[in-house]
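Across the two complexes that follow, subunit A remains constant while its partner is subunit B and subsequently subunit C.
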Partner chain A sequence: MTSHALVVPHDQDLLRRLKGQTVVVRTDDPASVATILTDTDRHDLRLRGIWLKAGGALANVEVDESWRRCRVALEVDVMGSYRVLRRRLGLLSGLRTRVYLSTREPENVTNVRVLASLGVACAVVIEQPVDWDALADLATYALLGLRSRGSIEPMHYLARNYVARHRTDFGAIYFDDPKNLLHVDDQGRVALSHRELLRGDVVLQSVDELSGLECVEAYQERIYGWQRHFLDADACACCPGWRICLGRYLGSGSSGCASFFEELLDLVEQYQARRGQGRLG
Partner chain B sequence: MPNVLLTQRCVRACPYCFASKHMTEGAPDAVLSWEDFIYVADFLQNSGERRFPMLGGEPTLHPQFVEFVAYALDRGFRVHVFTSGVVSERTLEAIASEFRDEPFDRFHFICNLNDPEQTPTSASELRNVHRFLARMGERVIPGFNIYRTDFTLDFLFEAINRFGLQRTLRLGLAHPIPGASTACIRIHDIEHVIERMFSFRPLFERMRVKPGLDCGFPMCRFTEQQLGWLMRHGAGISEFGCSPVLDIGPDLTVWPCFPLSSFHRKSLLEFNSQKELLAYYRRIHDVVRTEIGGLYPECDSCWYREDGRCAGGCIAHSVGRFQSEARLRLPEVYL
Partner chain C sequence: MTTIILKATEACNSNCYYCDVVRKQGSGRSMPLEVLETVYRRVDEHLRSSPEDRISLLWHGGEPLLLGPEYFRAALQLQRRLCADTQSRISHDVQTNLTLFDESFVDVFRELGITALGTSYDPEPHMRGPGRARDSTRYNEGFMRGLRVLERHGFAWGMIYVVTQRSLRQPLETFHFLTNLSLEGAFNLNAVLIYDQQRKDVAITAEQFADFLGTLFEVWWKHRDRFPAVEPFRALRESIIDRRLSLGCVDSGQCTYHHVNVAPDGSTSQCGRAADWNILSYGNLADRSLTDVLRDPEREQLERRQQVLPQGECAGCRFWKLCHGGCPLDAYSQHRDFLHKSEWCEAKRGFIERYFEPVTGVRFDPDQD
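Coming up: the complex of A and B.
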């Protein structure tokens, strides 16, 4: 038994092997949510949530009442037609579902605002290409806007968790948090992130070896990976925004991340100051 | 209740157009973005406002018009749209299918109709308007702007009957636009206009249509008998007011009303609520009224004006007059 939650595929044999474990079940089929709930109950698993990589348009995803029973991280490509989506808005905003939209599609930053303003919890997946100015506008809206609404991540995560002058890792929002989350494939092999799992870059050959994880060099390197920016004295080492991005976007061909995260940090501090004064909507 | 301009484009060129000065000075292609639309919705909701009036230009020309209406309804607003009725077939189809089940109170149009005999109107424009009225019918409150003294209302009664429109007729005076030369009703013609309006009284009664007066009518130019009739047959109690309506442009610029679109323009972002915004423009209105009480000399000492029952006519007349005088008045009254 490990203290890590395991992000696993919806595979009966694997689920059976993980009895008693805390899991996040990964799927790309929206219709499988109800089955996942039944299967995790049957195998006595603690279901932290479902990571549903549905792709396509949010408007075309069939959401149903069974989703009320668990948290769903719903990854889609675009919002799609608002006129179609609005018929499901009431249900969607009442669920414990967070909609993930990537910056790869420029209109997604706007659509996150549309959805959040209607009470739907959202997360922006920050991937190249990124319009950092548009993202900064969204952050301002999320944290200092006139009305309270559905949360927008990673902004609200930082607003809730940032402690002045300490580093804060928002990776958990994206299931990229090896200190607490590990990724497992249908063979039971373990990787530190989903990306590494897809590459076949595993750190353990079996979930049965989890008790030895602390001794794995790659794991240790990842946990203390943030120190590397200072040892290498790279651009992140002197960036004020590093405390909340932890160098996540270095080397990704990104420019503009420094000013964005610096601004976001400022917004987070303003948000926390206003919350302290009871001035938030 | 601020009017929100979705776009500054329009397909008509009405001789009295209130927005013409604003539209010629502004960017004609400016459209309200989703981000700013959401900001306005937040602003209105934060101010306790439940109505969302959409205006243009022609608001239905906005590429996301249907989505904006749907969104505002989903946010719990009651939406009314000021339109010319010149709406593309595609948009009309989308409106009809998307909002078919919305009650009138939640979503309706106020359609500004021109008399085709008196205002140059192309055949295709007229066809478009008729198509709109035929399709939207009872979802439409007809409106008419009086900009000439020989106006008629017959065509409006005909349209109400033919298309099954709401039996309320919104009547507005075309006011002067300071700094522009649009057609309008001059102060000395107002009495005549009121007389003419009341000459249609038998038609209003026979057709069971209720007149509703827009802002800027001076109460003292109505006879006791006319006021009594308005009380009995009018759509609500006529207020003879003139106060900041508030218009919000696609770039979030704010001004008190279209005739004063160049007057003390501000950004919506400078205000936290509608109350603050109204207080700002009311103060400027008060300054103008300090200089000149209203349209007529007797407005200065009029008890009805002091009591707030009549505003003394449209303030744009006074502001327009100040611009042609030597600049000796309080600085706030100048454009």
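Coming up: the complex of A and C.
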């Protein structure tokens, strides 16, 4: 048993081995949500959520009442037809489902705003290419707008969790949080991130070895990976926004991330100050 | 509160460019346990005779962690044995470069009541580090390892950043580097103090220091809740705006009877620099009580300075209450005499007049309560 939650595929044999464990089940089939709920119950697992990489258009995803029973992180490529989606909005906004849209599609930043204004919780997956100015506008809308709506991540995560004296890592929004989340393949091998799992870059050969994780050098290096920026004295080390991004976009060919995170940090502090003064709805 | 700067060792595993301790004390002496025992006996004796006083023991060096955890365990045993009735009035601080800090120190530091460590860092390559080349990579990696242990065990920490000529190239980048590394901004910005010609390349003037602080201050003031503990900004804010005087030993004018430096052989002096320069020496604790050391007549010249300066060099200065002429050792380094103000007064005055007051919109009025 580990204090980490495990992100696992929907694999019966694996689920059976993990009895009592906290899991996030990964799937690409929207129709499997109900089965996952049944299977995790049967194997006595604590289901933290379902990571549903559906792809395609949100409008085409068949959402049903069974989703009410758990959190669903729903990754799609685009929003799709609003006319079609409109019929499901009532249900979608009442679920514990967060819709993930990537900046790879330029219109997604606008669509996140549309969905959030309709009460749907959203997350922006920040990956190249990124229009940082559009993202900054979205952050302003998310944190300083006055109308009630769905949350927008990672902005609201930071607004909820940022404490000046601590480094704030919003990686948990994207299941990239090795302090708390580990990724497991159908063989039971363990990696520190989903990307590494896909590359076969595992730190443990079996979930049975989880108790020894603290002694794994690669794990320690990842936990203290923030120090590398200071040892290398790279651009992130002296970035005013570092304390909320922790150098996440260094080497991604990104430019503009520094001013975005500097602005986002200001917004987060304004949000917290206003909340402290009771001026947020 | 009496501060004992305990130079338990003059040995150091780093060769920092601007440090005088290793340069002057090449022998790398360490304090034998018999001398440490004498220190504790004197501390107990003093606390018994001064029931209102407290002792802050600052473990200094050199690098005090070179002594190893066993030495600190021995200190703890000595304290328990020799100061059984007075140890509640003894507190400990450590000034370390962190490169040797590991799990073996954790328990004994906790038992000594140490909850925070003082350290120092310099992002500039080859300013801090071991060997002639000052291998800053090795220093920095050791520092980060120490930091991991600190964080894992919940110790707080603060650091000193020494402002040199090289700091002036990119002041804001340096500031953000330091506030990212120490998120609360728990660090002191200290001007480098250079007394020889060989290292003049890193020396800065009082005016340069004022301008360096001024460049940072605007950013700090805007985000002062984000990194509140940057010094000297926090202290000046408290002193000028909150009207709560918050002054360190350099500015308080009160070091006269409350500071003592103890060298590895038990000899005492006013502070570390006084020991380096063989001035303000008050004898050895083997021969004199701590109380006598703290009342040594030679200290009167420091007290006299507090009467002379307001009538002389500092007459009419509206910042007297904020600096009291600055550190007497600074004055000595320039004039071979304590009865002058420090040349760094101009840094403080320049910073307050040109930056602090215009940015905050608050003018320091010495007569306002």
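One rule holds in what follows: the second predicted complex is superposed on the first by the 280 of 281 C-alpha atoms of A that agree within 3 Å, B and C clash if a C-alpha of one lies under 4 Å from a C-alpha of the other, contacts with A are read in each partner's own complex, and residues count from 1 in each chain.
Everything below uses one rule, namely that contacts are C-beta pairs under 8 Å (C-beta built on N, C-alpha and C of every residue); 3 or more make two chains touch, one makes a residue touch a chain.
Small disclaimer: the values here were computed from a predicted structure and weren't measured.
Participant: Check subunit A with both subunit B and subunit C modelled on it and let me know: fit or clash.
Facilitator: Fit.
Participant: Is A:R167 touching the first partner subunit B, the second partner subunit C, both, or neither of them?
Facilitator: second
Participant: Classify the contacts of A:C215 with the two partner chains as first (subunit B alone), second (subunit C alone), both, or neither.
Facilitator: Neither partner.
Participant: Classify the contacts of A:R113 with the two partner chains as first (subunit B alone), second (subunit C alone), both, or neither.
Facilitator: It touches subunit B, and subunit C stays clear.
Participant: Looking only at contacts as defined up top, I'd like to know whether subunit B or subunit C touches more of subunit A.
Facilitator: C
Participant: Taking CA centres after the superposition, what's the angle at subunit A between the directions to subunit B and subunit C, given in steps of 10 degrees?
Facilitator: 110
Participant: Upon superposition of the two complexes, what minimum C-alpha distance (Å) separates subunit B from subunit C?
Facilitator: Shortest inter-chain C-alpha distance (subunit B to subunit C): 25 Å.
Participant: Could you list, by residue number, the parts of subunit B that touch subunit A in their complex?
Facilitator: 33-35, 38-39, 41-43, 45-46, 66-67, 70-71, 74-75, 94, 98, 272
Participant: Under the definition above, what is the set of subunit A residues touching subunit C in their complex?
Facilitator: Contact set of subunit A toward subunit C: 164-167, 220, 224, 227, 229-231, 233, 237-240, 242-243, 265, 269.
Participant: Across the complex, what residues on subunit C touch subunit A?
Facilitator: 123, 137, 140-141, 144, 147-148, 170, 172-174, 176-177, 180-181, 183-184, 225-228
Participant: Give the list of subunit A residues in touch with subunit B in this complex.
Facilitator: Those in contact with subunit B are residues 82-83, 86, 89, 110, 113-114, 117-118, 137, 141, 145-147, 281.
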